[in-house]
Amino acid sequence: MDQMDLGAASLAHHYCVVRAETEARAAPLSAEDQGLQSMPDASPVKWHRAHTTWFFETFVLLAACPDYQAFDPAFGYLFNSYYEAVGPRHSRAARGLLSRPGTERITAYRAYVDAAMLKFLPQAAADTRALVVLGLQHEQQHQELIWTDILHGFAQNPMLPVAVPGGLAPNALPGQTQYRRCAGGLVTIGHDMAGGFAFDNETPRHQVYLAPFEIADCPVRNRDFTDFIDDGGYANPALWMADGFAEVQAKGWRAPIYWEDDGMEMSLAGFVMRDPAAPVRHMSWYEADAFARWAGARLPTEAEFEFACADPDVGELYGLANAVWQWTASAYLPYPGFAPAAGAVGEYNGKFMINQMVLRGGSCATPDGHARRTYRNFFPPATRWQFAGLRLARNI
Amino acid sequence: MDQMDLGAASLAHHYCVVRAETEARAAPLSAEDQGLQSMPDASPVKWHRAHTTWFFETFVLLAACPDYQAFDPAFGYLFNSYYEAVGPRHSRAARGLLSRPGTERITAYRAYVDAAMLKFLPQAAADTRALVVLGLQHEQQHQELIWTDILHGFAQNPMLPVAVPGGLAPNALPGQTQYRRCAGGLVTIGHDMAGGFAFDNETPRHQVYLAPFEIADCPVRNRDFTDFIDDGGYANPALWMADGFAEVQAKGWRAPIYWEDDGMEMSLAGFVMRDPAAPVRHMSWYEADAFARWAGARLPTEAEFEFACADPDVGELYGLANAVWQWTASAYLPYPGFAPAAGAVGEYNGKFMINQMVLRGGSCATPDGHARRTYRNFFPPATRWQFAGLRLARNI
Amino acid sequence: MDQMDLGAASLAHHYCVVRAETEARAAPLSAEDQGLQSMPDASPVKWHRAHTTWFFETFVLLAACPDYQAFDPAFGYLFNSYYEAVGPRHSRAARGLLSRPGTERITAYRAYVDAAMLKFLPQAAADTRALVVLGLQHEQQHQELIWTDILHGFAQNPMLPVAVPGGLAPNALPGQTQYRRCAGGLVTIGHDMAGGFAFDNETPRHQVYLAPFEIADCPVRNRDFTDFIDDGGYANPALWMADGFAEVQAKGWRAPIYWEDDGMEMSLAGFVMRDPAAPVRHMSWYEADAFARWAGARLPTEAEFEFACADPDVGELYGLANAVWQWTASAYLPYPGFAPAAGAVGEYNGKFMINQMVLRGGSCATPDGHARRTYRNFFPPATRWQFAGLRLARNI
Amino acid sequence: MDQMDLGAASLAHHYCVVRAETEARAAPLSAEDQGLQSMPDASPVKWHRAHTTWFFETFVLLAACPDYQAFDPAFGYLFNSYYEAVGPRHSRAARGLLSRPGTERITAYRAYVDAAMLKFLPQAAADTRALVVLGLQHEQQHQELIWTDILHGFAQNPMLPVAVPGGLAPNALPGQTQYRRCAGGLVTIGHDMAGGFAFDNETPRHQVYLAPFEIADCPVRNRDFTDFIDDGGYANPALWMADGFAEVQAKGWRAPIYWEDDGMEMSLAGFVMRDPAAPVRHMSWYEADAFARWAGARLPTEAEFEFACADPDVGELYGLANAVWQWTASAYLPYPGFAPAAGAVGEYNGKFMINQMVLRGGSCATPDGHARRTYRNFFPPATRWQFAGLRLARNI
């Protein structure tokens, strides 16, 4: 899983940087905010802070550091997310019921583990250092979830609180969307396991045949999606997968999840005007797929998306990072020859390779430097609370 | 609803005493604890603190105090419990999602309203003073709920926290239970609307015919209920109402809700040994009814219970207060001639007179001086998280 | 349970009459119609035909007739309704999945048991004859259910089939409703266990104190209920119990269950015009209770209802039979001193004495001669598919 | 969708043969059996008989035959399955509530439409003949569903009835399973739209790159799956997708759906001994996937499966038809360049291309001549009531 072996010193530095970003995201949130769980799919912020710490404690310190004493034996149960090999765990849907341990105690837990980690890192062997790198990538994933989950929680509050004071930088996409042509052919995708970290699900690098296609140079914007809505998109079954239209009717979907009337939306910066030129986001795969059909186009496959990013004939594609995750036409399945990592961390990705669709790109909530061209994000097709939009493609 | 008109000075004193008890119960709980909602039927402690304050703000200050400015206009929506006449309200099941307003702000809300109330009380007219008395009785009911609800919440936490440091005073019942004979006849029950407060549901005082009966001088004890369990009580359908046995099977009930193995139980004092001589508690009406049938007895009706407490021939009955609420055989229905109070507070009791059973007595969680002989507590028959047990009766 | 000991000859005659009525109700229904189960609370017609037969086979023939051979050993499991003492049983909600045994085989089962019964009856002892009488009363109850259940089933069919060709006799109530005064006092209600059959739940006869009241001489008519609807009754929470208004909102209730636009309704005679002068029916207790509140009245208690029917000062009350069952203000609870019948038939009534409300009177679907003044029908308050309406009462 | 244009005479003959097979499958079932719907995913047999007839009436006769009069206008609503373009339709889950129209009337419907079709076919234009061919393929799919659905229904009946008297021919697989090597490379799959019928989802023919692999020459047998169970396969989370293990625990799965103790299983021939050498069947994709992982192998992709069947180096693969459908590792997604058929029949396949996995092969319930090498069957991964098993593959 780790193809990048940082030296101990730079690893310690990287460790501090990543851990600090988590705390920075949590800092504007009160202890009560950090305990909030608004649905089973979302977790409390303090749980994210504890679980990412548990990862280092469990897979690094308890596994490889001889003198390490666990901060609290109960935490092994409370903060295991889904690792069956590690033992039983607290129910996911009940994470919001853990008023104790309190947020202050989670802060102490983080400090305790950080101290132990920084003391231990100089002696850590290469395989352990690889687990540290994995743990930091893991923590970055939870940094994004801290924002998606608190946004969902705050959106349930009639007072519509602000989670990120000052908000995120504006991300309007300039200009007009253009299609870029890609010749395809027998191409190679996936991570080559050299020159930097990749998750196991990005491997092995393998060949895929692509017919020629075109791909948009920009994600779809809010103003485009408004046209879809105004054209009756949510009421026209011909545009939808059957499962998607059933969701539309059962849940009463009429727009992306955080859209409100009068051009407003709920966001991390609170209740604000939508920017028509910003990428549309917080939609399900079903909505992305229906929009693409309405637009006379389709979603790109993940192989098309990945290859187009690297193909010099295609040119620069905008909105690959700091914009939105972009739903693809690809189911999240193992690459040919895929083998999960050995040990408990083999549960990291492999056991989720069913019932989900791949997203590519990266969002305004993704930590800097986390995503990459081969990165495979994935969620079930009805998922709406992520920073997810789309980019169009079409056959030639 | 109020038959007791305290003078303004003593009312102000009473106001301070009751309000202080609420704060005393909340004091050992962190801000995070106070936000906890473990099921739709339970509310966060801070919500109880705010809602009881909203009652005074809405029905007293905004209604009768000319210069009063609402603390926060949003609170009218957030902290209305169920008063349709007052306007729309936040969903009950989503009270636990209100990380904001935070606990500190609720504390400020209480202080603000208390100051306004204490300033206003000397000028308050009699009908307004009656609403203040009602509001204090209302707050006392929520004091008990603070404890039942936090106990339920803490029981979901694998760390089994302590809600009341030092616990509640032990309440073992001495001696052996005896049946007391009551001749019955055409008796009068209900509150006479003189000499002290009563809720509207305790009125009007009216005649009821009672055949002769016997009633136990003590509630049923833990050791008695252990016998029922050991005798296979939960597995024998002949002892149960059909709806009750369906609950037993669907939910896997095997003992009162907080009983654990090895004679332990979860309590406000944390995880402790059960006292065999203490009244059994935290059971549904179904369990109380099945136990009584197993014991060759039955539950008393509420009229029997109330009359026996006053009948000099019966003698003292133990465990009427500071022990447990005791399920009766009576459905919670309006007394003959019942009319709800006028105005929005008419919603206080009347609209709940269906699908519930009456409990009599009072529990270790009931504030001192709150319950009385004519008091009608009520919950649906499957309710288990209250301090509820039973007392036996039988025909002669 | 049986206070009436018919001679063997007249019992055999009675047996034939009752059994024939069941077949007469089933006759217009195809085999496929008879297998229909449109909700867990309703049962297929052929199941009713088999279960009533199972009652005689199980409690009479197998229990008391030495040479009797069961028709099919599997039927003991398939057609037990809820008798725990008799053994395990097929799931209620899955009765509609029993395409086999087919309707023809149920017809054969009935014929086989009838022949054995008629042969056995002359030798039957008094206690067995009492069980036969109970079985016939039981079968009459299922005759009403045959009609309520097939009506519910046919109402789900877009073709709105006719269940009773020719329909039921029209039942418009003449004239205008008048209130009749009743002095009340210490009265006696319940069955005296002499002079005819009664279910155990009608006993023992006992004293009840009634304050003076007035009761309407007629059930509420469709035209009255139309006024309630036109006055916004379903949208006004002040008229409803909280649980009732929650049902209204959750289920979208806007009228009695079978009412359709333009004055039409689904009925046993198919899709027909409602008669404004006919008693309103097919409503829940919640709707009856809300209507009464809107009308400035209340539901009578079951004791008031029963006593008024017998009080010579009250005069004749219309619509006691052949009209509608009438919801009362009384919860279905045991009478003072109630003891269930001995043996498995003790499960007949007693174990359902919770979560239900009493109805009095009798409907157009009730077999002639089945209901009586002391008869206690009962259903949960949200029940709508029965022939249930109401009669008003008020305090004096 | 139709690449095969039969002459009118042979099409008429083919029409008669296919329609007769449907009737032959329904013939042993009573009218009551034919109305049975045991879960929302299954439909009553008589509904299958009517819906397949509706297809011809709607898309052929009403669309292209000028003088045709609809048999019953209500049937357009009752027997539309999911064609939004055709209009509203009866709820799928409520198909079992249609006791009327009765089975006899469905028989008359079929006869009426058959007569009209046979009269019309000689004049039918080529595009209409193509819809007839599609309708016959559609009817063959429902022939398999008649068996899968009645089997599920009968399995709910404690009497375990026989749906196919005499049963299906035994299908033990001889010998031992061998892996066959396939070199892969840039291969072509999908239907070439020449030389016979294909569904739109099998097109267009396109190139796929395959790494070398091995594929078993036989499906997995009952005896192999017994080894998996005996080895604790259902209790070992390391073998399962997370969603699959959650299903195992929530539903209590311990074996394929119709397996019973003592080597027995419920089947179309009733309750019979399992043949250890027969292909294992009636399992979900999750179980197939877990078994493959346990066996140190994996499921083949649909491209591997299809190509291997045609690759002369691989040799004959057994169990491609008349055995079981075989779950693949491929999600059911559109082939590159896929375009649904024009008109309402474009809803046939395309709108279901999400949340499902592809099965290849063909089962003992598949009509002769229906399946083919390029055929894509598909079901959600939790589906268990189909004749579905698996074949193993592995990387080289």
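For clarity, chains are labelled A, B, C and D in written order, and residue numbers in each chain start from 1.
Following the convention adopted for this analysis, contacts are C-beta pairs under 8 Å (C-beta built on N, C-alpha and C of every residue); 3 or more make two chains touch, one makes a residue touch a chain.
Values in this document were obtained by computation on a predicted structure and should not be read as measured data.
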item	value
From subunit B, the most remote chain by mean C-alpha position	D
Where subunit B and subunit C are represented by their mean Cα positions, the distance between them in whole Å	37
Distance from subunit D to subunit C - Cα centre to Cα centre, in angstrom	46
Multi-partner residues of subunit C (each touching 2 or more other chains)	none
Category of the chain touch graph - line, ring, star, complete, other	ring
Pairs of chains in contact (touch as defined earlier), listed by label	A-B, A-D, B-C, C-D
For the subunit B and subunit A complex, residues of the former touching the latter	30-36, 38, 74, 77-78, 90, 94, 96-103, 153, 156-159, 161
Subunit C contact footprint on subunit B (complex, rising order)	82, 84-85, 186, 206-211, 237-238, 240-245, 285-286, 289, 301, 329-331, 333-334, 336-337, 351-355, 357, 381, 395
